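The next part holds the structures, each set out as structure tokens.
Here chain A shows up in two complexes: once beside chain B, once beside chain C.
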Partner chain A sequence: MHFGPHLLLAALEGLVTSAVLALTALGLSLVFGVMRVVNVAHGEFFMLGAVLAWAISTAISGHPALGFLAALVIAPLIVGAIALVAERLVLRRLNYNPEATIVATIGMLYIIQQLALSFYGPEARPVEPPFSYRILLPWFGYSGYKLSIIAASALLLIATWLVLTRTRIGLVMRATQYDSETAQAFGIAVGRVYGGVFALGAMLAAIAAVLIVPISQAHYLMGQDPLLLSFIVVIIGGLGSLRGTVVAAVLIGLSDGIISMFFSPTLAKIIATLLVAMVLVFRPQGLFGTASR
Partner chain B sequence: MADKNGFFDLSKTAFASKTGLTRRTALKGLAAGAGLAVAPGFVRYSQAQSSAPIKIGFQSHRTGIGAAYGRWYEKTTAAAVKAINAAGGINGRQVEVIIEDDGTDPGRGAEVVGKFATQHKTDIVYGTLFSHVVIGSAPAAGENKIPYFVVSEGHHVASTKLNRYVFQPGITDVKSQIQSMAPWIAANAGKKVTQIFPDFAFGYDHRDYLPPALKAQGADVIAQIAIPPTESSFTKYFPQIPPETEVIYHVMVGPAVLTFVKELGEFYGSNRPQLFGFIDSLEATDINSPGLEFLDGSHFWEGSPRYAQPDDSAAQKAYRTAVGIDDNGAAVGDPKDVSTAAHMFGCWETLYVVKKAMEDAGYKGPEDRAKLVEATEALTAFAEGPEHPQGAKTFNGKIHQCFGIQNISKVEGGKLKVVHKTKIEDGLYEAEGDYTTQAL
Partner chain C sequence: MSEASPAKAYSLHLGVIALLFMLSFVLPDYYHGLLARIMVLAVFAMGYNMLFGYVGLLSLGHAMFFGAGLYGAGLTIIQLGWNVPLAFLGGIACGAVLALAIGLLALRTTGVAFMIVTMMFAQVFYLLILYFSTWTGGDQGQVVPQPARVLTFGATSFDLTNPTVRYMSALALFSIVLLITLAVVRSRYGRVLVAIRENEERTKMLGYDTFSNKLIAVVVSGTICAASGAAYALLFGYVGSSFASVQYSILPLLWVLLGGAATTLGPLIGTVFMYYVIDVTSGYTSAYLLIVGVALILLVLFFPKGILGSIRQRWLGWLP
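This part shows the complex of A and B:
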């Protein structure tokens, strides 16, 4: 294949990765930004989203789009509810102590993974895309659904940004993030905000998973890669920075697509990790993060 | 930081209990110990080894990327053991299977072998599929001098790179499979072949043995594309496929295979090269899954056919009933639970080989393990029948490997139909070494 089409394919693949990564990493970033909780179980919420999408879409007969849309609404809600319960039962009891919550979320990771293995099984199962349109380019065919993921992710990111900057919910979240004690003094129910943010973070991961599941599949071990990549994105972009998360996600997604296509996937991972190291050395707060007070 | 919540304060925990061990707790412990000794599993047999069950340690991929295989390997093993026990067991003793999960991980695999040898004290270890687990575990079997019967496919046993305690008597190896199918590929699919394979041991067997096998038939491998086993998206590799490719030879393992085929479909559409795949790409996957229409008309290797064929032998039918699969190769009563039919027959057949070898050796217990190794090496052929439903096999005791027939199946109307069966001779090759020269 010639260089031009090759690059186009690489860029398209990279953008799809970026789109899903941006949503997943945003969830992780929000939870850390507001609660100072490093959620190691984030990838498992992603996996739960995909597994539930499979369960919901197979339960609903008729046109595949019906099942998919139902999954897109219901799966994140269920995952959000599970996250809320986990937050109430575990994280709150640990007083959001940074060290303790890391260990606790590692525990949650294993519990969720084993529950998925027990109830869902070890197989990778496919979910039918809501529509299957193949865009025919002169050099190769490309999935129309993959392109729609990019659009859907962009819309969701804009919506999240609007919620964070233009609504009272966003204001309360930002106040809690800025100084939780003062926020509490002003009558903000910080505990409730924490619960909501943790659920929202998990829901963003679940939505990303529902979007990707028709082009990959639901599998109980699928949470590991998104977790690792989200950490990379969040470190590069700056914790708690929405703009940084999106920019870093596009950067990592595109470099992954292009480097792994022209050179090797291993080199892409090496470069991403090197980038993290460089950022930690020269700009520990991340590209767009603000220095800690 | 200050431990204000007392997470690491051990003074409040039982570890620092001031009272220490009380008489009551000590008595409770004694009672529990006595209870354990009379519990089932602790039965003492009066004639010791003559009637105690023969213990087979099953190293199973319960979790990890091999989990779907592990589950069906367990079902097949349970069915075979049930049949063996109903017919009187081995040397008049019942067979008991002890399962440990290796997580489809070489390190844990080796630990599991050690655990079987020293803790469970099983007679043999058996059952492993994934090549990297076999390779990782084989030294532990050799060190513990415990016979290790694998149901893998890799060429690692037959290449004599492992040790004298490792056997693969129930399923053919990749080198043999490829060699017997290459003539069909060259004659029916095309002469310019691009290979796509996973970047680890099992894939390397395909990488190394397909080019010479095709060369002998006047065909060529024009490109070889290795894909990391953890990859979940494949489109980025497809530009490496040369445009003049006539056949794409694909062999993928693990959960991402379905994505591989779907993305290949999107990339090529209907204007695709011929496809020849190892069924490993689709084991435990419904061929009628969305996105797989693209496979219609393509061909697959199958060890044992997933779908019931019109010419199935009585033994094959009985085997399918025993392991609980229907005519489509799915679990009876659950059409969505598709089996790993192309591989799992190897468990059934291996257990019957173990039975035969133990009977030949007059096996009584772990002290006879060396005799068991020699008796297995002395085997030469297995006749097709209830004990070997996949077909007749020969066995080469020098390389611990069996040789059998292969099936080439075509995807037609959402089913796999066998279009060609190879002969045992097609897959024979010169032995690369001789395990029997190693000391026991």
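This part shows the complex of A and C:
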């Protein structure tokens, strides 16, 4: 293959990564922005989504699209419920103290990972894509399903943006993010908002995982990379900035895809991680964020 | 902490060292080896505690300092053929230099950003080990050959693979670091660190340069952790990337939280306790990560001061 088509392929692969990453990072960003909680277990909610997608789609017989659609609906709901329980039992009791919640979410990470290993096992298992249409380009054929991931992610991002900016729920969330004490004084049940935001963040990660699982298999350790990459995206994009998150996800996804294809995936990760650490050191509010309060 | 009883504190610590020395003669083989390992890892926890307990800086990247010591000592032996003392010093130097560089960068941030920055630097370190697998052995790791792990002084030589020599070397390192820690936290400098933890703004107002004090603490902490890593490579003869993974940044946090942050003996108690719990439960289940996770959550919910921290709060106010 020539350089041009090769680059196109790398860019397409990168865009698929970006699409999934934007959703996952959005969940992390919402939780971080509204609750000031760094959810280290975010990657495990992603992994749970993928594992549940495998369980649901194998339980349902018939056309693969049926199982996949069921997984797309049910898996995020289960993950959201688990997150809600964890938030009620642990994070709320810690009063959302930033350092204590980090330690507690590390604990959740280990618990979820171990439970997945015990009940699901160490194997990587595939989920059949809902359709297997190939789009023929002049140089190579490309999976239609991968393109539909990008479309689905874009739709979900637009929906989230509409909810955040155009609805009462979004208003309540933004008010809580801006000043939780004043919000409480105005009669907003801050505790319930926090619970809801934490569950929503986990559900976004789970949806992203269900979308990606037909092309990358479900595995109990698969949460680590998305967690790190989401951190990177959230930091580069700036806290709570939806636009920043999307731009950063595209940037990271594309560069990851291109560097991975032309050099090595490890090198891509090293460069991205180092770059982001430097952004954090020298520009803590992120590239697109406003100065934190 | 009261000023009145330096003798009491020092005799307690010397007593603990003496007890560990005696245990060497009565313990059965299995626990003998386990305790040697625990003492080396307790040094790691003590280094972590220096920063987390006394300065209140929660780092999620200390595996990189342990790894720097581990690879600094291991690779200089395997690739360059250095002898044991030189490799040990090499490992420590790697940790100290790395800690200085990381400290200069990471200390520009505070709070949550500090944790994430340290975690990311550690991740870069871990990925570099995988990337340069031709020299480091990647995730397979490398074994430090037995003949290279012999310490020679003139005519006498000590084989570090011999259980007794290994135990005594671990004990020696542990004792030195314990006494250094005790001296540091009781010194004026130690008080400044605690003052920074309690109220950094006020400490700055009193005329202390908090940045350079914190930087020194990062370097001391990193150097101690590197010493632990270097000792691990020399005593147990294995150098592997898993020791530089995120998990090894979280374990010392767990040990310190369990034993009691900002207590000199807490890291030892936490490490012993956690190893014992894992040892007992692994007889029933292999789900040891589950125990680590549950322990972390329960600790942070109900027992934030840890074992020794709670004892100090209730009964023994003089514990350093």
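Couple of notes before you dig in:
As a convention for this text, the second predicted complex is superposed on the first by the 290 of 293 C-alpha atoms of A that agree within 3 Å, B and C clash if a C-alpha of one lies under 4 Å from a C-alpha of the other, contacts with A are read in each partner's own complex, and residues count from 1 in each chain.
The working rule: a residue touches a chain if its C-beta (ideal position, glycine included) is under 8 Å from a C-beta of that chain, and two chains touch if they have at least 3 such contacts.
Just so you know, these numbers come straight off a predicted model, no measurement behind them.
Once the two complexes are overlaid on the shared chain, A:99 sits against chain B and chain C alike.
Of the two partner chains placed by the overlay, neither chain B nor chain C lies in contact with A:179.
Of the two partner chains placed by superposition, chain B and chain C are both touched by A:266. By the touch criterion defined above, A:118 reaches chain C but does not reach chain B. Contact with chain C, but none with chain B, is seen for A:109 once the two complexes are overlaid on the shared chain. In the superposition on chain A, contact of A:38 is made with chain C only, not with chain B. Contacts of A:10 after superposition on the shared chain: chain B is touched, whereas chain C is not. Once the two complexes are laid over each other on the shared chain, residue contacts for A:90 go to chain C alone; chain B is not touched. Across the two superposed structures, the residue set of chain A contacted by chain B and also by chain C is 94, 99-100, 117, 266. Residues 1, 5-6, 9-10, 13, 17, 64, 94-95, 97, 99-100, 117, 121-124, 126-129, 132, 134, 136, 140-143, 215-217, 219, 221-222, 225, 257, 260-261, 265-266 of chain A are the ones that touch chain B when the two sit in their complex.
Across the complex, chain A is touched by residues 58, 60, 105-106, 108-109, 111-113, 115-117, 120-121, 123-124, 127-128, 130-131, 246, 250, 253, 257, 287-290, 292-297, 299-301, 304 of chain C.
Of all residues in chain A, only 36, 38, 90, 93-94, 98-100, 102-104, 106-115, 117-118, 224, 228, 231-232, 235, 264, 266-267, 269-270, 273-274, 276-278, 280-282, 284 touch chain C in the complex they form.
Note for the complex: chain B touches chain A at residues 1, 5, 7, 63-65, 67-68, 70-71, 228, 230-233, 235-239, 243, 255-259, 262-263, 266-269, 284-285, 289-291.
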